[in-house]
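Have a look at these structures, which come just after this line.
Next come two complexes, and both contain subunit A; in the first it sits with subunit B, in the second with subunit C.
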Partner chain A sequence: MVDLYFAGVDVGSLSTDVVIIDGGSNVLSEVVIPTGVNGSEAAENAFNSALGLAKLTRESIVAVTATGYGRASVAFATGKTTEISCHGVGAHHLFPKTGTVIDIGGQDSKVIQVDSQGRMLDFTMNDKCAAGTGRFLEVMATRLELDLDELSSPLNISGESAPISSTCTVFAESEVISLLAKHTPREHIVHGLQRSIVNRIWSMVASIGIEGEVTLTGGVANNQGLVKLLEEKLGLPLNIPENPQTVGALGAAQIACRKY
Partner chain B sequence: MSLRAELKYKIIKDYGAPALMAFQDLKKRKPRPIPEAFGPPLESNKRLKEILSRHYFLARYVPGVKKVAWVTSGAPVELLRAFDFYTIYPENHSALVGARKQGADYCSIAEGSGYSQDLCSYARIDLGHLLSGKTPAGKLPKPDLLFCSNNICQTVLYWYKAIAHELNIPLIHFDAPFVATEQTEADINYMAQQLQDMIPILERVSQRVFYVDVFERILKSSQETSQTWGAILNAMEAQPAPMTIFDAFGHLAPIVSLRGLPVAQDYYNILREEVDTRVAQGIGAISDERYRLIWDNIAIWYKVRFLATFFAERKMNFVTATYTNAWAETTGYLDVTKPWTSMAKTYGRIILNNNLKHRLDLMKKMIKTYSVDGMVMHSTRSCKPYSVGQFDLRKAITADLNLPAVILDADIADERVWSEQQIHTRLEAFCETLEGSKHG
Partner chain C sequence: MMIPNRSEYLKSLAQSGQKIMGVLPALYPRELLWAFDIHTAEIWDPPGEILHANAHLQTTICPIVKRSLEFILKEPEIINAGYLFPHTCDSLQNLGTQVKDLIGVNVPVYTFYNPKGSFNNTTTKYYREILQNFQTTLETVYEPLNPEKLLSACVLGHKIDSRLMAIQQARMTNHLSLDNSAYFELMRAQEYLLPLDYLNLLGKIDILEQAIEPARARLMVSGILPPSPEVLKFLDELGVSVVADDLLAVSRRIPKFPMDAPLLPLDYLTDRFFILPPCSTRAGDLEERLHHIDKLMQASQAQGILFDIVKFCEPELFDHRLLVKTLRERNIPVLTLETELQAYLSGQDKTRIEAFTELLFDMVSA
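Our next item is the complex of A and B:
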């Protein structure tokens, strides 16, 4: 079924991602755009760009699975699956020995256990709080006047870290403000923020346990400082996908293919 | 006790309340259409509504006729009934406020008086009611006595102390030692002695004399009613189950707040007959029951309908819950020939006053008995004794029984804690795991 094409559309709180694959699971195109205020429009635009990149027509896509918070707004989807299942399937496809997936998304973070087929066995998510998510880093980056890349630059990997104790994003932000007022070096603050996220993730991992290899997905996987800290805390190496942000959409495309 | 108040109460009870019920029946709007996913609704719902409306309606006319006691859900109410107290259950009232989606409104009144948002929402709603006089039940009578037991939580003691202080009325506290491994002889004697020591205080407040035969009759009624409730829950072992746990959350009200009274006993006989008939005829609560689930912790009162529909549409039915089971689990210990020690056993060993190992064993047994495929745990900061330990229970249960499970972070009655999108994603992912595990 190499001539059949499948798409996964992940409408998240920060970005909308589309992945198109063929029946042999080869990735033909990947697109990431900001979701903005209109999820269905973002899905439409990202889908069209992905079709353009893959040089395919809409009609050639036989099944589309929508996922993410905005999955209900994807009018052209043929099926819907939660991003939790999708990240499990996507991560397993990229790293077949994956038993545990840690996804740090824009609005929430989750730890997913998958079986040898990539099917979700169990999962846990952060409670109703943005600490430990991409949004947390975004808020802090703005406050520190750094962009997200600077926030993850290797410069910040080691060295001292300023204590950030609050688990509330708003209160953590005020801690950052007071640290800045005390002329604490920005690198130390960044390090403290990364540590704070890692501690949150670690307690979720501990609550569900680790099986097999661990794969990190979601945009935060691009943050090298955070990855190093998380590896230290867990005491094992993490699989980092080339495009961690599109793993959910990739999983959705795989599910579209499996269900077809 | 004034003759006038007594006469008025009697007229209202015998003529006013029945007339009101008949009138309510007449003005009843067209019944809400039943979604396809559900089977035929229980006939008993109508009777349940009547009983509860009548209870709250009559409560308005009680002052000056009967002494009023506010009681916690786990307190040994049988003793109070022997003195003919009119009992009001603030927890039941708070659940009612929660179900009407007015919880946040009442909570914020209490918060405005300095009660922390971290405090139980049942307590905040009750204090909000006390401070403002607001209630969806028309009017609640002020208590002459407060009666609480720490067998369900420690909060009740401080909550009731606040009311006692505010209204300057007596508070009786029944202290139930936590069952860390098993209940000792000393624990039982300590509790039995407390109950007997309460008699002179209750006589003074109620201005009535304690008669052993009256008390024994009440105890017997309470025991029989609880056993009937247990039999109703057991009927849900049938496949398909004749009702959902969301129905049972509603039908729980009389066993919590009216047990020991003939009205509760009669009601559960009717309900039992109905569920037994449904089982015999193979009538299920949902039209196509493919998966059977267990619920842990108190209901999310403002989302009962949402959750019932969400699961019914996915052919999933909750067939058992630790919560509804709590009023049937230990009543087997009640023994009219040993009233004091048997009450100590019944009220001392209830799930929230018992250790985690007990709860784990109980849940595993329920999962097997009711042929359960998956578990939903409601974690709520309102009920810390219920919520602490859920992660460990979940771990042990998923590992030992290979059972998919999900924990929902919400609240019993404060709807501000509900996060629709977060919960929706969790629930859908749980359903995906469940479907995968059964058909994968």
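Our next item is the complex of A and C:
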């Protein structure tokens, strides 16, 4: 089984991620590229890069599970599974005591409860609005003329927090413009934005509750300020994967392996 | 199964001189109207863009009310005998008042204030009185009611109820070979077909002697209207069968258990009203509703519940939170979708439905 290879392809709204594993669940390669306007093409490119890094050929991959909003566009996939199931399986694989997964993705956020096998028990997802998602931070970073790394750097983690709406990205952007006009320090605004996302996530967590350890996935898990605030709000330490962005693809690869 | 197109069917009826009353959701004494030879065309979710209705209504009013008003403002010719506004919720009651007193239409507007609360001496007496009053109102517009016609209408309604109960039972026990889309198309045809046409249609549905292979996963739906055709089609594609429902437009309008054939029409209609399943729009008891849902889930072997909630539906949202909380405590998988009665399925809702299906499949295989 170790000589068999499996791939997970997560076509998200912001990035396309591919993970290749062997039958013993060892990760052989991970690739993250921007999705752009063509999810199908992004999946092909990311898959080819991952194959190159793992020094494997396309034929050596026995099963590919596609996930993410663009899962239906992955022509070479042998199966597809929602990102909700994949994040549950991926997070459980990395942190076996995980009972709750919080995934803050590019266009939506989810809270997922999993059992001791990583199987989904319940989930909730944010509504149509982009508030509380990676897109929210991206929009705000542009407005603040910061890149995403700067938005999460400890320098921008301030004790003071500017009040920002947690209900709508568009309104929140207007609020940020007003705050900038009033010369509110950028770090206070950043802190307010992070708090706004945390409040949004908290309401989702409250709706289904917390079980076991909590693992945070998705690129936003790299935002140190947000992680700190979320831990404070939950009153719990969070498991942060080394590569939080590829947990969905890892879960997809695990599912490909399980189903094979 | 050939079901006539709603719009074409009603147009053709109106052209033939049939009296047609536009009826807003949900509970009304249909048999009384049939006895006056008035056909009831129910208005739940007329398609199209909401433009003019927004000028009369707050943004937080549900899409059923908005779509209904948009339809009414167009003054469609098929509605030639007036509109009936049952008191299903405050928004519909207000709409009735607006249409009658403020907007004005060229046909009569009637209201029917269903009692809230459960069966007791006061509510039954009240219901019987409003039936009588409605009859009197119609007699002033048309002609004195022929009691034989009312009895015949009740007998017809009784036959429809009995057949619907049998079909629902067959659905729950795998004795019906209709997919989700076809099943709910059949259920919704009662909103506009003449009662005899509907009864004939129901009569053509095969109830199988042998149970068919159950679907990979079985689901119950709750809410106001059946999920949109797009959702039903998607569930069909995923291999999920909707085997039971707690929908206002469907099973909450069918008596909980069989009734004797009608003898005294107004008594029969009163009895029928009070043995309908528990419902948020009648301020029904939540425990009773939970018990009813439990029974349906057991009878149908449904593994989870999909709540398809109409945005801003006040009565339903009051119950929804507590229902979900209790069902989750009982480890029953629950998915809630919020609908604005749009004719498409968003990517996010697709993901929600698919993830919920994966959860049910995992449960089945575990």
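Criterion: the second predicted complex is superposed on the first by the 258 of 260 C-alpha atoms of A that agree within 3 Å, B and C clash if a C-alpha of one lies under 4 Å from a C-alpha of the other, contacts with A are read in each partner's own complex, and residues count from 1 in each chain.
The rule is simple: contacts are C-beta pairs under 8 Å (C-beta built on N, C-alpha and C of every residue); 3 or more make two chains touch, one makes a residue touch a chain.
All values derive from a computational prediction rather than experimental measurement.
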Return fit or clash for subunit B versus subunit C, each positioned on subunit A through the superposition.
clash
Between subunit B (first) and subunit C (second), which, if any, makes contact with A:S85: first, second, both or neither?
both
Once the structures are superposed on A, label A:D22 by its partner contacts, choosing first (subunit B), second (subunit C), both or neither.
neither
Does the superposition put A:D108 against subunit B (first), subunit C (second), both, or neither?
both
Residues of subunit A at both interfaces, subunit B in one complex, subunit C in the other
69, 81-85, 108, 119-123, 125, 127-128
Touching residues on subunit A, where the partner in the complex is subunit B:
69, 81-85, 108, 117, 119-125, 127-128, 207, 209
Interface with subunit A, subunit B side, in the complex: residues 391, 395, 398, 404-405, 407, 409, 417, 419, 421-422, 425-426, 428-429, 432-433, 436-437, 440
Provide the residue numbers of subunit A that touch subunit C in the complex, in ascending order.
69, 81-85, 108, 119-123, 125, 127-128, 208
Which of the residues in subunit C end up touching subunit A in this complex?
328, 333-334, 338, 346-348, 351-352, 354-355, 358-359, 362, 366
